[in-house]
Every structure is written in structure tokens, then in C-alpha cells.
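Mind having a look at this structure? Questions to follow.
Chain IDs A, B, C and D follow the sequence of writing; residue 1 opens each chain.
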Amino acid sequence: MLSKEQIAQRIAKELKDGYYVNLGIGIPTLVANYIPEGINVTLQSENGLLGMGPFPIAGEEDADLINAGKQTITTLAGSVFFDSAMSFGMIRAGKVDLTVLGAMEVSENGDIASWKIPGKLVKGMGGAMDLVASAQNIIVAMMHTNKKGESKLLQKCSLPLTGVHCVKRIVTDLAFLEINQNGFKLLERAPGVTVEEIQDKTEGELIIEGEVPEMCF
Amino acid sequence: MNKVYKNANEALFDIRDESVIMLGGFGLCGIPENCIAALVQLNVQKITCISNNAGVDDFGIGLLLKKKQVKKMIASYVGENAEFERQLLSGEMEVDLIPQGTLATRCMASGYGMPVIYTPAGVGTEVAEGKEVRNFNGKDYLMEYAFNADFALVKAWKGDHLGNLIYKETARNFNPLMAMAGKITIAEVEELVQPGELNPDYIHTPGIYVHRIFQGTNYEKRIEQRTVREK
Amino acid sequence: MLSKEQIAQRIAKELKDGYYVNLGIGIPTLVANYIPEGINVTLQSENGLLGMGPFPIAGEEDADLINAGKQTITTLAGSVFFDSAMSFGMIRAGKVDLTVLGAMEVSENGDIASWKIPGKLVKGMGGAMDLVASAQNIIVAMMHTNKKGESKLLQKCSLPLTGVHCVKRIVTDLAFLEINQNGFKLLERAPGVTVEEIQDKTEGELIIEGEVPEMCF
Amino acid sequence: MNKVYKNANEALFDIRDESVIMLGGFGLCGIPENCIAALVQLNVQKITCISNNAGVDDFGIGLLLKKKQVKKMIASYVGENAEFERQLLSGEMEVDLIPQGTLATRCMASGYGMPVIYTPAGVGTEVAEGKEVRNFNGKDYLMEYAFNADFALVKAWKGDHLGNLIYKETARNFNPLMAMAGKITIAEVEELVQPGELNPDYIHTPGIYVHRIFQGTNYEKRIEQRTVREK
């Protein structure tokens, strides 16, 4: 079973040199800590920044410089600021190569639910609906099951949707999966996790072809 | 034509109950602090606020919520505010949640004289209910209307007497977009300078969009998520 | 009969303090020379400048600084540069208070033709179609008749249109006219020009109500 | 990921006959002089040019016209070019004239992921022929499609190794819009600097839109209408 850090680490292996990447709040943010050696990626923050740097050193926080999670951050040499319309413009235009975000539920046809639990608090979708509707290449980072132990990989989402037919790949604490026309194709198992356990915890159609390798880091 | 006002209360002299008001900022970053304080002090009632977020309990738009001045909130994310949650669940306040990019682009559309925009954001979700869906090049898009407001209240870093504005870092966010979408746009700036002091190549909002400007005071610039690293 | 300079001068009297104004090529450009004392107007050039200044002093021309007529110009304190999309954005959004442009023909319902003579050269519409379709307040500056002595104020334009139902007022070498639902309403005569001469040279419906005053400068 | 090329010929290495090419600039102001020279030298044939103007007889896009490299010209104003007129009237070249604001906004729409825009420009004229007209709030608008191009060739004042660009004065014009609309965008700059040398608040084109960049040489920057006043 992967820790949140390991989920981020596995996703980071999918980064390619020159990628522009948008990382959502939560586990996705951690991906920035595991960018492979020799790979240069530029992080986009949808509030209006390209080239997001690390958190500031204590005492050097700048209230005018935050990311989409409202965290204080820094810039790097070559960073650019822009307004939110241009920011979502470049997202809609498909200029962002990879989008990593969290989810409450994902369905076997690539639908995602992440912004609302009816009857409980509605926090709002923020930029998630724009991101999932526009990105060509979306990886969802999440736990395989919710706190009650119920699968988050479903035949059909039960919560209000954020977007339809958009998720391409999923990395959970148990597995790396790809969505194809038939369902969740199991690409890799987390170290020490069996195919049976993944099958057990996947409510949607799980596609297993041949030997499923264990992830390596 | 004088656009310069002494302070927020004077610049907001003609604001009325039931006004539709846009407020720039993302989270607490780049919000028009002086204008918000004036709205509280002037005790304007039943306003519709259009803003990406709703502030926190005791700052930003949260100050207006606490005094129950807000009839309706149009935003994309409101997860930082418990009073907001209470008023929403109790039905005291109407809420319209729209995707962040849609919000930004609908403001820009207004400033660019475009009646509608098409965006894929929200297709297939409850955001699409009642809206026109249209397919272009094999992809579905929602038609969303341009937004304007009776008043757009924005915060810039520097501005000149003609209303030209420059924003700082990510405090830019929605400010230049809302500045273009106000029937009356009021800008508060940290530093008000004479025309000619801003480099004409680097002005973000041309003064043609700005009706009133004043130099704000006592900026608190509260940080929502103070995150730091080891040296 | 007015000279081109006098046409510009008469139009300049319509300027109000604080106006943002777009002046087309030709006679309209001359309006800038007659801005009344105490009136502050800002000139917009649709290639991307607000706050156009006078021509440069010889030797100080800057190839990067031109107006929509491709003439070398200067800036003023408070000028702003922007791209052409924002420039036409502010035009479409109705932020420009007054647009002055030339025309080949104007019809009594406010149509304008100015960009093409079929069979002869087609120069293109440039920004004229955007300007006339968007501006709330358009004054046309032109000669009352063409080189053959034919009226340019017509019942119906004969040339391809630049825009429909858009012209509000016209200043010619003979008269100042306003377009209302019935035709060209004669507001003022040029000094020494009779109502009869204007009537003679106006093919479209001319509306004359009471005594028509002579222009004063 | 290296975006930096040595010169125009190298940056344009994969340009092909029949390419659709956008060229920034307004008149001769802010045109990609080095890229145009390379197109002439590489002798690319049957190209479609999208540019506000067509240059003059012996400079700018006029150089491509003279060598009959242009199959089709999409522009808003072409009145400065006699060779253009000749090829147009003789039927050697196709021409599509579109309003200047429509041209600008269609490029921007591409960079902003908007499939179409609505504009009132051209309603009731021959520009509207065959196009959808739609009424919003009592006003008619034409639906116009976003534009993109195989290559967008733009000229900036300064640029860095990541492709971030800053334009100077009115040489900005169409350049940032076309920079957003190229499947491959190639920027030539007067001064190429290291990342970090441009102020991140004042960059006009973020590098995400730019695929290749090089420092141009021998800028002629010809002036079309030299107008001056007395001292």
C-alpha cells in the first residue's frame, strides 16, 4: 500500500521534460517534491502563475504571492504572472500537458466527482470543472476507498459530477490504472498488494490482462 | 474629468441597496480591503456579490456576510467560510456556484464586448442545467453569458490619476477582468501616482475601463495559508 | 463651404471633457488639432494605444510607435499600449465615447460604405467595420459630393456596406446633419451655403425644420 | 526542452509548402523581419498568410508576394501594396478580407480555447455572407470561428530562453494574439535574455505559448508614413 507521498512519487514518474503541469490541492501538490532528476517541468497555478517555486523561507512570505490552494509560495527565474482569464485560457487551449487532481469518485467511463456532497457542505468547484473539461491528460490521485472502506472507483459516480469522460489515469494507494473504453485497466499493483485485493476494492469494471507488474520507484 | 477620490467612502458615494457588486481577489489575495470596509460602514443591504471566493469568517467578504448584507453570492469556491455555510444551509442567502474559468472569462467577455462565450467547463454536470450545449469540432461547449455589475471594486498595486492600473504578482487574478466589467469601476491602489509615472508598456488595465480611483490605507493583506520551508 | 480643416474644427466642437475618441484616417485625424480649450480628450488608436500624442519632432521618429494610419506619433503622460484584441475589445464594449470616420457614401437610414469599390481596388475594411458596428456615437466627416459632383448622402448606398444603421451625425463641407428615423435632418449650414444648395446636393431625404442656423466656430 | 534556436532558418527548419502561416505586425510595425527573410530564402511555396496587412511592394510580406510564394492572403487591409493588387485582380492569389477586430479576436479565441466568438462587425455587409447571425440583447452578432495556424511567426522586443515575451509600444499589435494561435509558434526577439531577467509582472506572452525563439539580426524597422512636426 502506498502512502500519499508514494502516490505522488509514482505520478511524478509520468512527468516528461518540458511539461507544463497543473497540480491540484492535496496529494497532487506533493508531486512537485518528486520531479525526477534531469526532467524540467513548469508548474501552472490557475490563479495566475506559470513557474511556481517552493514555499518561501519563514519570514519571507508574500501575501501577494500564493498558489491556487491559497498557500504562500515563491517564483523561479522565468516565472510569469497573468490574470485568471488568460490562465484558464491556456488551460482550455490545451497548453497544459498534464493535470493531476484529487477526486471523491471516478467512474469506469472516466467521469469524476469532486466538488459537492449533497446535504453536506458545498465548497464549490473552483477551477476543477475547467481543468477536467479541457485537459487532454488527466491523472487522478486519490485513495482507492473512502473512510468507510467503500470503493471510489465506481461503475457510475453517485455524487454530482465535476466532468464527464475526462479522467485518463488513476494512481491510488493500491494501484495504477488507466481508463479505456471497457473500464479500469490495471497497469501496476502497489508493492505487496495483490490483484485480488484491488479487485475486491474496485466496484467498477476492472480489466486485468496477463501478469500485472508491481510498481517500482 | 476627475477620477480621483479621497477614500473608499467617497468613491462609493452612490452605492445603493440591492446593487450587483463585483469584488476582485482570489482568496484574500488582492481583495479591495478599503472598499469592503466602506461597504460595511455604509451598511449597504441586499447586495449581490460576484467574487471568486467569499472571504473568511472575519475578513474579506466574510465581513459583509457577518453583517448579513449579502442577498446573493456568485462564486466558484466558498470552502473557507463557516458563516457562509450557515447562511447557505439556512436559506438566508442565495448562492450561485460557477466554474472559476467561466467566472473569469464571463467578466472578460463583458469588457471585450462579447455577449457570450463557449466553454467546455461544466458540460454533463449540474452547471449545464438549462444552458445551451453546442458541439464544435467534436467537443461539447456550454454557452455562458457575459457578466457585468453595477459596481466593480478592484484592488491594484499602482494606479495613476487617469485610472491606469498595474497589479502585483498573483494579486492580479480577477482584478483586471472585473475592472473591465463594471458599469462603474472603482479601483483602490496601494500607490497613486501622476500620469506618466507608469510605464505604458506594462499597464495591465487601461484607464478607459476605470471610472474612479483612490489610494487605499492600512492594508492588512492577510495570509490564508502560511506555508514555509526550512532554510 | 468648409475646408477639410473647418470640417474637423466643427466636429471638434462636439467633443466633451473626458471623452475617449477614435479618429479615422483623413479629415478625422485633423480633429485632434482643434480640441477646444479646457476640454480633455484621450485619443484611441485601434492598433493598440490610448493617449495618442502629436507627431514626433523630426529626427525623433520611432518605428515601433505608429497610429492606425501607420503614421509616426508620440505618447503623452498616461498613455497605455495594449494588443489589438483588447483594443477592439474596448471598442466593442462601447468604452470609446466618439468615433469619427470618413465615408464614400452614407444612406438616410445610417448605413455607411467606405471600404470597397467593386471592379476597382479593394483596400480592405481595416478596423472600420468593427468601429461602426460597435460605436454608440459616430460622426462621419466627408465631402457632401464626390469628385463627379454626385451626392454622397443617399437614399440607399450603392457601394458594398461597412455597416448598417450606425451613423448618427455627418459633417460635410456644406452642412451638419443628424440621422433620424426619417432621413438626414439638417442641423446647420456651412457659412454662406444656402438650404437650397444642400437640398440640391442631397440625394437622400433631407429634413428641414424651421430656420436652419449657420455654423459658428 | 530547449526552445532556443540560432537564427530564423534553423527555427523554421520544418516549414513546408502549403503551410498556413500567421505573421504578427501592423503595417511594417512589429513584423518578424528575420522570419520573412527566411521564408523567402527557403522558398516555401503556396503558403497561406494570415496577417493584418500585406506589407509594401519591397518589404514585409511584399517580399513573399513578389516571389509569388503566397497562395492565399487573409488580412484586414492591403491598401499599401501594388503587386498585391495586381495578383488579386489577375486571380493569381486568393484573398480573404476580414475586419481587423475580428482577425485579432479570432486569434485570441484560439489561444483561449474558445471555439467561436460573436462580434457585431460586418453584420449586414458582405462579410456576413454564409455566417450565422444571432441576436443577443437586441443586437445582431456574427459567429466567427477561432483561428489557428501551422506556424505563427511573431516579433517581440525582448524574450527569454523559456519563450516569455515582451513587446515594445505599438509593435505589440497582433503579435501576442498570433503567438497564442500557432500550432508551432516561433518568436524572434531583438534581445534574448536568460530566464529571470524579465520582470514576471510585465511579460505579455507567457512562454507556454511559444515553441521556439531566436535573437533576430539587422532589424531594418522601416517606417511607412514618416510624419513629423516642427520643433
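Criterion: a contact is a pair of C-beta atoms (placed from the backbone, for glycine too) under 8 Å apart; a residue touches a chain by one contact, two chains touch by 3 or more.
All values derive from a computational prediction rather than experimental measurement.
What's the farthest chain from subunit D if centres are computed as the mean of the Cα atoms?
Taking each chain's C-alpha mean as its centre, the farthest from subunit D is A.
Check A-D against A-B and say which one is joined by more contacting C-beta pairs.
Most C-beta pairs in contact, of the two: A-B.
Between subunit A and subunit D, what is the separation of their C-alpha centroids in Å?
Here subunit A and subunit D have centroids separated by 37 Å.
Roughly how far is subunit C from subunit D, centre to centre by C-alpha average, rounded to an integer in Å?
Their C-alpha centroids are separated by 28 Å.
What is the distance, in whole Å, between the centres of subunit A and subunit C, each centre taken as the mean of its C-alpha atoms?
56
Tell me, which residues of subunit A touch at least two other chains?
Residues 75, 81-82, 85, 88-89, 91-92, 134 of subunit A each touch two or more of the other chains.
Do you know which subunit D residues sit against two or more other chains?
105, 112-114, 119-120, 167-169, 172, 200-201
Could you draw the chains as nodes, link the ones that touch, and say if you get a line, ring, star, complete or other?
other
What are the touching chain pairs in this one?
Pairs of chains that touch one another: A-B, A-D, B-C, B-D, C-D.
Where on subunit A does subunit B make contact in their complex?
45-49, 54-67, 69-73, 75, 81-85, 87-89, 91-92, 111, 121-130, 133-134, 160-165
Tell me, which parts of subunit A touch subunit D in their complex?
17-18, 20, 40, 42, 44, 50-51, 75-82, 85-86, 88-96, 134
Can you tell me which positions in subunit B touch subunit C when the two form their complex?
Listed in rising order, the residues are 1, 110-114, 160-162, 164, 180, 194-196, 198, 200-201, 203, 206-209.
Using the touch definition up top, name the residues of subunit B that touch subunit A in the complex.
For subunit B paired with subunit A, touching residues are 26-30, 52, 75-80, 85, 88, 95, 97, 99-105, 107-108, 119-127, 157, 167-177, 204, 221-231.
Along subunit D, where are the residues that touch subunit B in the complex?
105, 112-120, 136-137, 139, 141, 166-169, 172, 199-202
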